[in-house]
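Next, two complexes with subunit A in common: one pairs it with subunit B, the other with subunit C.
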Partner chain A sequence: MPKHCQNDIRPGASLGRRGLLAGAAALGLARPAIAQAQPLRIGMVTSLSGPFTALGESMRAGMQLLLAQSGQAIAGRRVEFLVEDDQARPEEGVRKARKLIGQDRVDLLCGVISSGVALALRDVVTEARMPTFLLGSANDLARKAASPFILRPTKTNWMLGDTAARWTYEKVSKSKVLTVGSDYAAGREYIGDFAEGYRRLGGGIGRQLWTPLGSADFGPLLTTIASERPEVVYGFFAGSDAVRFLRQWKEYRLAGRVPLVGTGAFFDQEDVLPAVGDAALGAVNTFHQSPTAPASAAFIEAYRATGKPLPGEFSTTGYVCGQVIKAALERSNGDLADWEKTRAGLFAAPVETAFGPMPFDPRNGQAILDIHVNEVKRGEDGRMVNTVLHTYRQVRDPGIPA
Partner chain B sequence: MMGYAAIQVLNALSFSALLLLTGLGLSVVLSLMNFVNLAHGSFYLLGSYIAVHWLASGAPWWMAFPVAFLATALAGALLERFPLRAFYARPHLMQVLLTYGLSVIFADLMRWGFGAQILSPELPEMLQGVVFLFDMPFPLYRLFIIGAGFAMALALWLLFDRTMWGAVVRAAVSDRGIVETLGIDTRRLFAAVFMLSAGLGGLSGALGAGMLAAYPGLDEEVLILALITVVVGGLGSFGGTVLSALVVGFALTFSKVWFPEFANLAAFSAMIALLLARPNGLVAPPLRQL
Partner chain C sequence: MSLSRLALPMAGLAAMAAVAALSGDFQLRFLAEILLIGTAVLSLDLLIGFGGLISLGHAALFGSAAYAAAIAAQHLGASLPVMLGIGIAMGTAVAALMGLVILRAGSLFLLILALLFGQIVWEICFHWREVTGGADGLRGLPPLSLGPWALGDARSLFVLAGLLALGSLGVARSFVASPLGRALIGTREQPIRMQALGYTLFSVRFRALLVAGAMAGAAGSLYPFVNLYVGPQSVHWTLSATMIIMLVIGGVGSLWGAFLGTAVYLALQTYVGAWTDRWQLCVGLLFVLTVLVMPQGLASGFLRLTRKGRTP
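And then the complex of A and B:
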C-alpha cells in the first residue's frame, strides 16, 4: 500500500500512520486540473519504521513545515510531496527510490537517514540521472561515492569528528582520552576521525572501547571506564543506545567527574536530551545544529508553533533540505530540465538556511558548514539545551585527496 | 581490584534479574500451558510505557508496579478470550504466526498511542542513590531490580509448587479431561494463568524501564532476550529459567568486561555450545507422556 503523504501539516501529523492514511485517502480523490505550470513532485525516502522512526518523522515534519510556509508552491509550481518508508534497510530504500522515480515520476528526490541506504541509493539515482538531495552522513558520500546528480545539504561524519578533536585538544585535555562508541559504520567514522585528528594535533589516545549496536546494559562498560580513570571520555552513540549510556553514565556517578565529549547525535536535542534528564549536563558536543545558533531562530519558532518540542538534527535537516531545494528551483526559474545549470546556480552563491549561510563545494556537491561546539546547559525553563560555546566557521570536508 | 570485581558481579546479577523478570512471564505460559506467545514483548513494552507515564504523573511512585501488572493482566485477559483461547489446541507453528502477527499490530498501536520518541522514567529520589563497594559506586535502582527479580521468582515457585491452586494447574496441563471430571473449570484456570503471565510481562517492563528506557522496537529486543533465557533453561522447566537467567546474564556481562568488541559473539557462542552439549536446556523437564 503506497504511503503517500500529501502536504499534511496539522499539529499531530507526527501520529504517522494516521497522517499517512489520511494522505492516501486524499490521493484517491480526483484532483481538479489547475491551470498553471506542471506541479513539482518531490519524493522523500526516509525511515518511518525501524530504528530511526522518530528521526524520520522529524525529517518529514521539517520538510512539511517549509512547504507549508511556502504555500505548498516553489518557484510558481504547486508542490506534491510524496514520502516513502525505507525501514532503514538499503534494499528497501532502493525499491522505494525506484518506485518514486519510475512509477510516481518525481522531479527530484530527497531524504535518507541511514548511511547504508544513502550509499545504496547513490548508483540508483546516478543511473536514473535523478536530481537528489541526499542527507546521510557517511564520509564516502562526499568522497568516492560523490555524484554529479547528488547534492548534500548536511554534514559528513568527518566534519564533526575532526572538530571534536580540535576542541578537545585545545580546551579539554591533551592526553589520555578514552574513546567509546557503537560498533557500526557511523560509530567507526566518528571515533576514527576523532582519533586521527587528535593524534595529528599531538594528543594521546588511551583505551578504545567498542560495543555492539543496540546494547541493553552499559553497566559493565561504565565500570571498566571508571576503573581506567581517563582524563576525558569521547564517545558516539545514537538513539536508544545514547539514552541508556547517558542515564547509566549518571547512575554510575561518572557525570560531573569525568568530562564527556561527543558528536551531535549523541546529544540530539529532540531525540536524546528529553529522555535523559540532567544526565548529560555539562557534556560538550560538536554539531552543525543547535537550538541556540542565531541562524536557526526563525525555524525554531515556527517548528514549535506546530506543537513540536525544541528541534534536533533531523527536523532541522528536513527543513534546510527544503530551503536548498527551494533556492535551487528559484535560481533556475522553476525549471529542472537542465540540471547542470541548476547545480551551477546553486554553487554560485551560498544559500541562507537554518544551518547558517551554506555554500557548496563544487568538487563533490557537499555543503560547507559552520560547526558549533555545544555544551548541554540548563535552559531558563529547567530543560536541557545544547548551547553554543564556539563556532568553527565554514568547515569543508577534505573530499577525495588530490 | 576487589571493588571492580564486586561491581561487575553485581552488574551481572542485575542484568540476570531483568532476564529473569521477562523470562518468567514467558516461561509460565510456555511451560504450564505449552503455548508459544511471541506477543510477550508487547506486554513488557506496554508495562514500560505505563510506568513512565505513572512516574511522571506525581502519584505515589511504588503504585506504578502494581498498576502496570494489573493493566497488562487485563489486556492479557481480553486477548485470551479472543483470539488466543481458540489456539491452545493448535500446533505451535499456528500459535507462532498468530502471536507474531498480534505483536506487529500492538507495536503500531503503541507507536500511535505513545509516540515514537524514546521515553525514560523519572525514578523516585530514594532509588536514585548509589552504594559504594570498595570505593566503587553501584546504583541503588539496580539493587532494587535484583531484589524484585529474585523475590518474584520465589513467589512464583511457591505459587505453583506449594499451593493447591498450583497443583491443579499442573494437573490440568498433564490431563485436562481428568481435572474437568473433578468439577474444575479449566478454561478459567488457563485464563488466570495467561493473565498472570501478561501481568508479569507488564511488571517486568515497569521495573526494567529504568534500565532500558521505552521506545518502539524494544518489544522485539526484549522478546529475544526472554526466548534465549527460556530456551537455554530448558523448555517447560521453571528452575531452568532461573538458572539460565543467571548463566546468560553472567555470560553477557563478563563478555562485555573481557572483550567488549566481541561481546555478543562471545556470549552467544557460549550459549550455542551449551545447547549443543545439553539440547534440552540446562534443566530438562521430566517426560510426562504416557
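And then the complex of A and C:
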C-alpha cells in the first residue's frame, strides 16, 4: 500500500500547493510505515568454508561495514542481512540460494566468489526473477550467460587479462612471454585472455605452463622457467597457491631477475602480500582494486578502523556491492517491485563506489571499471603495497559477440 | 498379508500427496533432492548392508548418469522416459566397468579401487571441457517433460522423485528377498561356504552391483533437473563418502533408513549451516553419537522406540 502512495505523489506534486501539502503529509506518513512494515532482506551467498574461506569472510566484512555505516537501513528500510555458505560448490550454492529465495523470502541476492557457483546460480535466479548482484568474475556472466535479473558490480576476467596484455606489450616486452597458471576455469580465462590480447597486438607467447589448483611444490615449474630464460613471466594464482608460488619464486632466486606480471588476485593486498615478505617486490599487476587508488581512500580508512589490515579485492568488492545496492534502492525510493525501473535507474548514471565512478553496460548489466596497473612497492612503514602506476579508464567487457 | 504389504506404499503415497499440497517451492525441491540422493544411498545400502562391499566410488554411478542425462537433454530434449532410460543404462554400464575393476579384491582393496575408479570418472568429467563443461559444469538444461506435460516445476519434481524413491524401495526389498539377494548375504557371511555350495562370488556380487548401478543411475538421471545444473562435484569421491555417512546415520541394512540419513544430513547442512559456519562439527558429532549410541542407525533406533512404546 505505501508503495502506491509514493508513486501517486510524484504527479500530484505539480498540482499546486494543496497537492504538495497532501503529498508531503502522505510522504511523512508513508516513510515510517515502510520502514516498520517491510524490512529489506538481503541474502548473500559466499564461501565460508572450503578453499575461498578467507575471501568469503572478507566479502562479508566489506558488506557489513557498509551496512553499519548506513545504520542498518537503506532508503528508509531496515536491512536484514542473511549470509549462507556455498563451500565453493555449485550444488551447495544453488541449494542455499533457493533457500534464501523460497524460504527466507529475501528481496535481493548478492555475493558469490567461485565462477562455478555463479554460473550455476544464473538459471536459478533468472527463473525465480530474483534481483541478483553477482560477484563471480567468469567472462560468460557478461556474455552468453548474462541475464536481465543479474547485475555485476565487479570485473570480468577479461578486463584484467586484456589490460595486462596491453601493459606488458607496451612497457615490458614485445616477445618471449612465458605464462604460468592454475589449471581451472578462472586461470584458463585469465591466461587465455592475456595470450589472445598479447598476440593480437603482435607479441609472441613462449611456453605456457599449467599446474593443478592446490599445488604445494612449484619446484619443477620454476626450474623450467629458469632454463627457458623468458623476458617476462605472466601468471595467475589465487589464495594459498599464490602465497606458495611467490615464496618459492624467491627461494629459487627468480625474484628481481625475471619481471613478473599477473592479475590482481595473484598479489592481493589483504590475502597474499602480507604472507610473502618481499618476494613480490617489483611485480606488476592489473586490478580494479588498489590501496593507493584515490577512490578507495575513505573505504580503506573505515575498514582499517575496524581493526583490519589494508583491504584487498574481496572486502572492497563486498563493500562496493553494498554501495551499488544502496544506490539502486535510493534511486527507486526503496521499492524493488518494478525491477525494470530499478535497473534503468541504476543504468542512468554512474554510481560513486570505492572502485571509482561505476557506470553499467545496459546490454549485460556489467560494470564498466577503471583498471589500475599496480606495482608492488615498499611502503613508508616497510610493508609491501600495491601502488598505482597507470590507470586504464573505463574498461568495458566486449560482452555478447554480435 | 496382501493388505499389510500394500499398507506401506499407500501410506507413503498419502504422505507424499499431503506434502505436495502443503509445502512451498523451496521445500519441495529440497525434498526432491533428499529423495533422489536418498535413492542413491539406498542402492549403496544394497552393496554395503547386504553384500559387505564398502564402495567409495558410488558417486561415480550416480554422477555419470546425471551427466549422461544432462548431455542428452541438451540435444534431445528432456523427455522423462528417455532421461530415465539413459540414466539407468549409464548407471548399469559404469557399474559393470567398475565391477570388473573392483570386485577382484576384497574389503580394504575394494574400497580403494572403488575410490580410484571414481576419481578416474571424476577426472574425465572435470577435464573433458567440450562435453561436460569442465569445472563450470553444465547448465541451461530444458525442463523435464512427459509428452505434452512440462514437469519442471517443484511439485512435479517432488512427485517424480517420490515415486522413484518408493519404486526403488520396492525393488530393493524384493531384491533382498530374492534368491540373488539371499546369496549376496551369504557371500558376506560365509564366502568360503558359498563357494563350496557352487556359487561364484564374483558373479553374485557383480549382479548386485549392476542392480545398485541401475538404481543409482535412475536417481542420477533426474538429479540435474532439480537444480537445472550438474557439476563435477556430483561425481567426486567426497560425495561417495558423504553417502556412506548418510547411510551410517540412517542405518546400514535397513533400506528405508537411507532416506532418513540423507534427510538428516542435508537438513543439518542446510539449516544448521545458516546459523553457524561450523555445521560440519555438528555432522561429525551426530556421526560419532550414532555409532556409539545407535550402531544400527536412526532407523532401527526409531523402530526400537516405537516397539517399546507398544509393549509397556
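In this text, the second predicted complex is superposed on the first by the 366 of 402 C-alpha atoms of A that agree within 3 Å, B and C clash if a C-alpha of one lies under 4 Å from a C-alpha of the other, contacts with A are read in each partner's own complex, and residues count from 1 in each chain.
Please note the rule applied: a residue touches a chain if its C-beta (ideal position, glycine included) is under 8 Å from a C-beta of that chain, and two chains touch if they have at least 3 such contacts.
Since we're looking at a predicted model, the values are computed, not measured.
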{"item": "Fit or clash between subunit C and subunit B when superposed on subunit A", "value": "fit"}
{"item": "First (subunit B), second (subunit C), both or neither touched by A:Y184", "value": "second"}
{"item": "When both partners are placed on the shared chain, which of subunit B and subunit C touches more of subunit A", "value": "B"}
{"item": "Which of subunit B and subunit C A:P51 touches, first, second, both or neither", "value": "first"}
{"item": "Contacts of A:H390 with subunit B and subunit C, given as first, second, both or neither", "value": "neither"}
{"item": "First, second, both or neither for A:R363, with subunit B first and subunit C second", "value": "neither"}
{"item": "Partner chain(s) touched by A:G116 [first = subunit B, second = subunit C, both, neither]", "value": "second"}
{"item": "Partner chain in contact with A:E84 - subunit B first, subunit C second, else both or neither", "value": "second"}
{"item": "Which superposed partner A:R247 touches (first subunit B, second subunit C, both, neither)", "value": "first"}
{"item": "Shortest span in Å between Cα atoms of subunit B and of subunit C, once chain A is used as the common reference", "value": "5"}
{"item": "Subunit C-contacting residues of subunit A that also contact subunit B", "value": "none"}
{"item": "Residue ranges of subunit B touching subunit A (in the complex, touch as defined)", "value": "4, 7-8, 11-12, 14-15, 18, 108, 111-112, 115-120, 122, 128, 130, 136-139, 141-142, 211-213, 215-218, 221, 225, 252-254, 256-257, 260-261, 263-264"}
{"item": "Contact footprint of subunit B on subunit A as seen in their complex", "value": "14-18, 50-51, 53-54, 57, 183, 209-212, 214-217, 219-221, 223-224, 226-227, 239-240, 243-244, 247-248, 251-253, 270-272, 274-277"}
{"item": "Contact set on subunit A toward subunit C in their complex", "value": "48-49, 82, 84-85, 89-92, 94-96, 98-99, 101-103, 115-116, 119-120, 122-124, 127, 138, 140, 145, 184-185"}
{"item": "Contact set on subunit C toward subunit A in their complex", "value": "24-27, 29-30, 33, 134-137, 139-140, 227-229, 231, 233-234, 269-270, 273-274, 277, 279-280"}
